[in-house]
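Next come two complexes, and both contain chain A; in the first it sits with chain B, in the second with chain C.
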Partner chain A sequence: MTDLNIPQSNSSPAIRASWADGVVTMKGDSYPENSFELFQPLIDWVDSYLKTAGRALHSELELLYLNTSSIRALMDVLDMLEGAHVGGGRVSARWSYDSANERVGDLAEEFKEDCTFPFEIVATGDRR
Partner chain B sequence: MSEGPDLDLRVEAILADPAAKDNPMRPVLEELYARHSTLQRLVDRLTRISDQFQRAERDRGLSYAENYQRKVRQIERIVRISDRYQSMLRDTNERLQLISTHDELTTLPNRRFMQERINQEISQVERNGGSFVLALADIDHFKDINDTYGHAMGDRVLAGVARNLKQSLREYDVCGRWGGEEFLFLFPGCGAEEMSALADRIQHCLKSADPRDADSPRVTMSVGVTEFRRGETMDETLKRADEALYRAKSAGRDRAVVA
Partner chain C sequence: MEQDDASLDLYALREVFDRERIMLCFNGPITATLIEEIGKALRRHMEALEESPGSVADVFSVYIEMTQNIRRYAQSRSSLDLESASIIVSRDDAGRHVVVAGNVVYEGDGDALAARITALAGLSKEELKAAFKTQLRQPRTELSGSAGLGLIDMARKASQPLRCKIQSLDDDRSFFSLRVVL
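Right after this comes the complex of A and B.
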């Protein structure tokens, strides 16, 4: 499986997935015209990695604004990680947010709610 | 059928008994018992298969219900998270709106807001008649305050003056920070005859002490006041107010000039 490297745009986050490192990174805002088109490659990649790589998968999230369909896509990805975790796979996630924007941290908590795998939420930067 | 096994045992006992060997009923009983046993096995198998089908159907129903519940739960979460993102955006929007129209230090409307507001007032007066007055007020010797006490004190004085000016306003009056230490007033519905009184009010409000400014240096203001004349542009009215302010400064400051 090849790595994913989708560059960040005004309306979509940077999405990177490294097969060798077992790391998925998503960073930025997400309100794309067609979220299916944007996220399907990632969903396919994660699915394939979890089924065939036989190694741990870590996901680094640094997302700010998500529109409704992006929320759904991210939830699907997290559900896949949860499924892998319940099946004995090693998965983890870390969501970093700017401490000046506390509400993003609250939203990360909402996403974490149904996840039983290690899911860290970290405030970064100095509070001004 | 509680007598079932018992009956089976009794029949089997008779069939196995050597004493019954020559009984003419024995072959008939044997045949009947064999048929009974076959039917019994058939009924047992049918029951078992039927039970399995029923269980499979029940499991399928349960998994549909479970799936449905999970989807409902997911949709509820998506809606909740989406609502929160939306309210986050709305708040950001409100904050940007405020920042783009207000001055951070004094919390007064900024120059852009005042320009828009004055243009609205001009259209209003041109359309419906009436009048309005503009006053440009500038803190006297403000540079000395900055030079003597530092910029932090300068900022405090500006914030204190803004607070006092705000208190002097009536409901429809607007006061904005026009420039560094310059404030612009818009008095809708006022005319030439009220200009002196308005200027007095601006100057007077600085003289009533606010306990929060106790350790700040006292300041005075020079004021230029003018009435909008129909047909002219905002810049023309402002230029007249500015010239009046300049005359107030030249005449020794801490005074108002009406133009």
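Right after this comes the complex of A and C.
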């Protein structure tokens, strides 16, 4: 499987997935009109990795504002990680956000509520 | 200078904007690019006013959900031949941010949307969160390109129940507007 490298735009995050490293990263705002289209390659990649790689998968998230269809798409990705975890796979996630932007922290916490795999939320940066 | 009584008095319009504390107003055909550009301007404007990051995020979020809902609706009803939207972001007397957006809809669609908004208005914040999580897990096959989360999300962020207004235009079309107070 090839790696993913979707560049960042005004309304969509940078999405990278490395098969060799077993790492998925997402960074930036996500509010495209068609989030399902944007996230489908990632959903396919994660599905394929979890089924065939036989190794751990870590997600490194630095997402900011997400529109509701991006929230849905990200939930689908996290649900796949949860499914792998329940099935004995090694998966983990870390979501870093600027502590000044508390809404991002709240959003991350809400995602975490539905995940039982290791999910770390890290507040960073310039505290105001 | 010649005065045309029928012409629009821009100064009077400006007075209305000032009185109503309107920060942003848009009326006309809306594209994905315009939504992004206006959204960026709105964020920058609020940041320049040193609004809290939470307020900026909430207003931006409601603005995006509303305008993307309008675009999606217009695309699903191509016979309306209208991708126009009217959007106002302002502050009320108490200093709360208010986002109002409206568009032309078929009467039946407007009534269905109003019924959903009325149903959401009766829910507590906890019930809205539960409704959001239920909708989040709806199978993709049940969704028609939309996650169906926008209204619930706006209701969760709002400080008052969402309010809508339907004004009849002709036999089958109405102007539908939604007001969200943050």
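The rule is short, and it goes like this: the second predicted complex is superposed on the first by the 128 of 128 C-alpha atoms of A that agree within 3 Å, B and C clash if a C-alpha of one lies under 4 Å from a C-alpha of the other, contacts with A are read in each partner's own complex, and residues count from 1 in each chain.
Just so it is clear, a residue touches a chain if its C-beta (ideal position, glycine included) is under 8 Å from a C-beta of that chain, and two chains touch if they have at least 3 such contacts.
Small disclaimer: the values here were computed from a predicted structure and weren't measured.
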* Just from the overlay, do chain B and chain C fit on chain A, or is there a clash? -> clash
* Asked: Which partner does A:100 contact after superposing on A: first (chain B), second (chain C), both, neither?
  -> second
* Does the superposition put A:65 against chain B (first), chain C (second), both, or neither? -> both
* Identify the partner contact of A:51: answer first if only chain B is touched, second if only chain C is, both if each is, neither if none is. => neither
* First (chain B), second (chain C), both or neither: which does A:33 touch? -> second
* Asked: Which partner, once the models are overlaid, touches more of chain A's residues, chain C or chain B?
  -> C
* Asked: First (chain B), second (chain C), both or neither: which does A:11 touch?
  -> second
* To do: Tell me which stretch of chain C runs into chain B once the two are superposed: 24-32, 114-122, 132-140 or 168-176.
  => 132-140
* **Residues of chain A that lie at the interface with chain B and also at the interface with chain C** => 65, 67-68, 71-72, 75, 103-104, 114
* Structure fact -> Seen from chain A, its contact residues with chain B in the complex are 65-68, 71-72, 75, 79, 103-104, 106-107, 110-111, 113-114
* Given the complex with chain A, which residues does chain B contribute to the contact? -> 74, 77-78, 80-82, 84-85, 88-89
* Asked: Taking the complex as given, what residues does chain A use to touch chain C?
  -> 10-11, 31, 33-36, 65, 67-69, 71-72, 75-76, 100-104, 114
* Structure fact -> Counting only contacts in the complex, chain C reaches chain A at residues 32, 35-36, 39-40, 53-54, 57-58, 60-61, 64-65, 68, 71-72, 133, 136-137, 140, 145-147, 149-150, 153
